[in-house]
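The block underneath contains the structure these notes are about, expressed in structure tokens.
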Amino acid sequence: MIDKRVADSQAAIAGIESGMTLMLGGFGLCGIPENCIKALSQSQVTDLTCISNNAGVDDFGLGLLLKGRQIKKMISSYVGENAEFERQMLSGELEVELTPQGTLAEKCRAAQAGIPAFYTPAGYGTEVAQGKEQREFNGKMHILEHAFQADFAIVKAWKGDYAGNLIFRGSARNFNHPMAGAAKITIAEVEHLVPVGELDPNAIHIPGIMVQRIFQGEVYEKRIEQRTTRKK
Amino acid sequence: MIDKRVADSQAAIAGIESGMTLMLGGFGLCGIPENCIKALSQSQVTDLTCISNNAGVDDFGLGLLLKGRQIKKMISSYVGENAEFERQMLSGELEVELTPQGTLAEKCRAAQAGIPAFYTPAGYGTEVAQGKEQREFNGKMHILEHAFQADFAIVKAWKGDYAGNLIFRGSARNFNHPMAGAAKITIAEVEHLVPVGELDPNAIHIPGIMVQRIFQGEVYEKRIEQRTTRKK
Amino acid sequence: MLNKEQIAQRIAKEVKDGYYVNLGIGIPTLVANYVPENLNVEFQSENGVLGMGPFPFEGEEDADIINAGKQTITTLPGASFFDSAFSFGMIRSQKVDLTILGAMEVSEKGDIANWKIPGKMVKGMGGAMDLVASAENIIVAMMHTNKEGESKVLRECTLPLTGVQCVRKIVSNLAVMEVTPNGLKLLERAPGVSVEKIVELTEAPLLIEGTIPEMQFES
Amino acid sequence: MLNKEQIAQRIAKEVKDGYYVNLGIGIPTLVANYVPENLNVEFQSENGVLGMGPFPFEGEEDADIINAGKQTITTLPGASFFDSAFSFGMIRSQKVDLTILGAMEVSEKGDIANWKIPGKMVKGMGGAMDLVASAENIIVAMMHTNKEGESKVLRECTLPLTGVQCVRKIVSNLAVMEVTPNGLKLLERAPGVSVEKIVELTEAPLLIEGTIPEMQFES
């Protein structure tokens, strides 16, 4: 067993420097690596490029890094829900690259799988296709998209073991899965860190080989963005 | 719940016609859809193109279809272990297209994921690259490979439910995973067919949407190709 | 004229037994409420859920189980979870039988614009570009006109596009229209709305063959 | 001259703590037997296993748990199973630290041929082309000469290639050689084998700097 444990979120983010490109898992506030984000917000790191489907809310998730002006550029499919984001974007302080959600996911997966580029129909005929190679396959137009190149991927799982094996829960799997192993170094924070042998090898979503650092998150708030219910 | 059940292997292979292209899961004899193969071997279907990592042994797996001269062409990464295969190949009766194993898997996965083509470094500088587009990414040469186009994918899982959800066991997952949903129609045979609700939604490897037909295989021999052991 | 609930109710009639359906945010989400219970239908949410059920009971919300609108949801027996790459893989490979989404503009050729208004804050396309580029069967749910009373069903979209030649049908508060190779065909009109009124409020030319029936609502 | 076990034993010294290792069929498989127990190493099998253990005890073979050589195996705590596409994804994205495989021919530039002999029955490349095109650290385990006594370490490969400029080191029954930008460098010689003998049996020119040490075997 190759032990991937680090002590805490501070130790996990060691080596993340200003100007780097990070991948951050999560969809909305669901499955975000909240402990690493908090640790980054307490660090002096700035000028980050963040690849993340969304940008958090004002006082949680990536909103914390926006508030501290630590993000130079966001690569996302959907932003907003965040007044500070809007202000920085409209003032030109923050650069935003909007990418179709499936393309965003596949660009992560391509990096994870050592595929430098692939063709997708998404965005053909729109401004997303501008400046990109376009090609017909099977009578349908596609555009060429490239794998992301990131320094760190920061993902959040439900359970993990000392060897870095990960199991996600519910729809919190989302981008955490294709980002794991898609950067030079992958950090995983988990709600439950267990010794090797406790996870069923058949049920592991991400093998430990994709993860370089793992720790049990200090606190999980797991905030809900849209609490929708029905009466009993 | 959308019910995908069919009665048996005979019902499962309905619509498979001579000249069609099939994907068949398995690595060696591990995880092969043995009941569907047996049903095909008892059918009159011929001139099949089979995409399968291997070609079975003389009296089991795809060897049964070879024996009946039902296969026109094999697309595989490694063949042999099969005298009849060798005879048909050397005599020119059987066409063989050898493909690097990772490329074979990714061509399945591309079809499953609606990606028409992708670049891979595998095979660059070898005869596999002949006639294919070659392109440099990040200082390294790659070749363009296309998604497979198949009429039927036939996969084997350990457990499945009525909705077509699949769970694999051990290394029998192999090509069964990327082939599920990679053809026009996907047939899944399983060792244990259970009602919906019995499988943990987090542990499902292939969601039922990728599967059009499911049944519990009549008999599983699960033959071992290389029985290697140590003394107690 | 239909209200939003009635637009959803009309669209629900397009859902067939055995369909996997992806519902966009807004009116499309309401469609789930009107699908007859005897139909076997599964709802896909592109953030990685198949087999979505109703909202949870109060106190039973689970932060890990949400839909693409970030709302807390439940799942039904037979449900499964998967990652975002796999989710869009099933979308691109056309496993989803029906996609219902909103639009700011639709053209007679089936182009759709629903993500960006130049000069305004742009939130992003989310999964809409992947959905419209991939799905074979796309129905748009929309108001026929904007707040100024101008047609949103156009010869050409004026806003930045989300996808080209992809919309199959439009269900608005005034009419049901189908995109055909010859242009936009008027199929049904809302109760109490005349064909003349629809033509007047539609910038794109409409193919009108025979008598256009009024939409029927069972309930 | 080394026998196959000794070649494996020598290669095992190249395995470092924390390495993920992929072993090809034949001599490479034997390497696992010689990795010191105090090293934390995990073996990857490209058919979808990480954390391979020893062969099972008699009667405990499981048809669902095999390696890429189709042999029944066991797994160690911390093991995981995955599909073939994911497996080659981790190979292409260079998560495997060391790949050890056999070869029919290797050139001084690091080209390798190990899958096809024209005119003979061709069984296929299996996963070898993906492995050699992707891995950063490839060691070839081979006999230095063929049955006719001819060198298999060549200026140029004569057989159809498996990959180009990819081999890092060669461990043969006669020598350890490293592929450098300046050519093939002789690092070590087998016990009792002279540098002159190695040069004589190697078609490719060898860079020889200083005294070439004899391989050391602890056990």
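The first chain written gets the first letter, and so on, giving A, B, C and D; residue counts start at 1 in each chain.
One rule holds in what follows: contacts are C-beta pairs under 8 Å (C-beta built on N, C-alpha and C of every residue); 3 or more make two chains touch, one makes a residue touch a chain.
For clarity, every value in this text was computed on a predicted model and none was experimentally measured.
Shared contacts of subunit B and subunit C, meaning chains that touch the two of them, come down to A. The greatest centre-to-centre gap from subunit A, using C-alpha centroids, is found for D.
With A-D and B-D as the two chain pairs, more C-beta contacts join B-D. Annotation: 36 Å between the Cα-based centres of subunit A and subunit D. One simple way to say how far apart two chains are is to compare their mean CA positions; for subunit C and subunit D this gives 56 Å. Subunit B and subunit D have centres, each the mean of its CA atoms, that are 29 Å apart. Put simply, the C-alpha centre of subunit A and that of subunit B have 32 angstrom between them. Chain contacts: subunit A has residues 106, 113-115, 120-121, 168-170, 201-202 touching two or more partner chains. Shared contact sites, meaning residues of subunit D that touch two or more other chains, fall at 81-82, 85-86, 88-89, 91-92, 134.
Taken as a graph of touching chains, this assembly has some other topology, since it is neither a line, a ring, a star nor fully connected.
Applying the touch criterion to all chain pairs gives A-B, A-C, A-D, B-C, B-D. Listed in rising order, the residues of subunit A touching subunit B in the complex are 106, 110, 113-121, 137-138, 140, 142, 146, 149, 167-170, 200-203.
Against subunit A, the residues of subunit D that register as touching in their complex are 18, 20, 40-42, 44, 50-51, 75-82, 85-86, 88-96, 134. Only residues 1-3, 111-115, 161-163, 165, 181-182, 195-197, 201-202, 204, 207-210 of subunit A touch subunit D when the two sit together in their complex. Interface residues of subunit C facing subunit A in the complex, by the touch rule stated above, are 45-49, 54-73, 81-89, 91-92, 111, 121-130, 133-134, 160-164. Taken in their complex, subunit A has these residues touching subunit C: 27-31, 53, 76-80, 86, 89-90, 98, 100-106, 108-109, 120-128, 158, 168-178, 205, 222-232.
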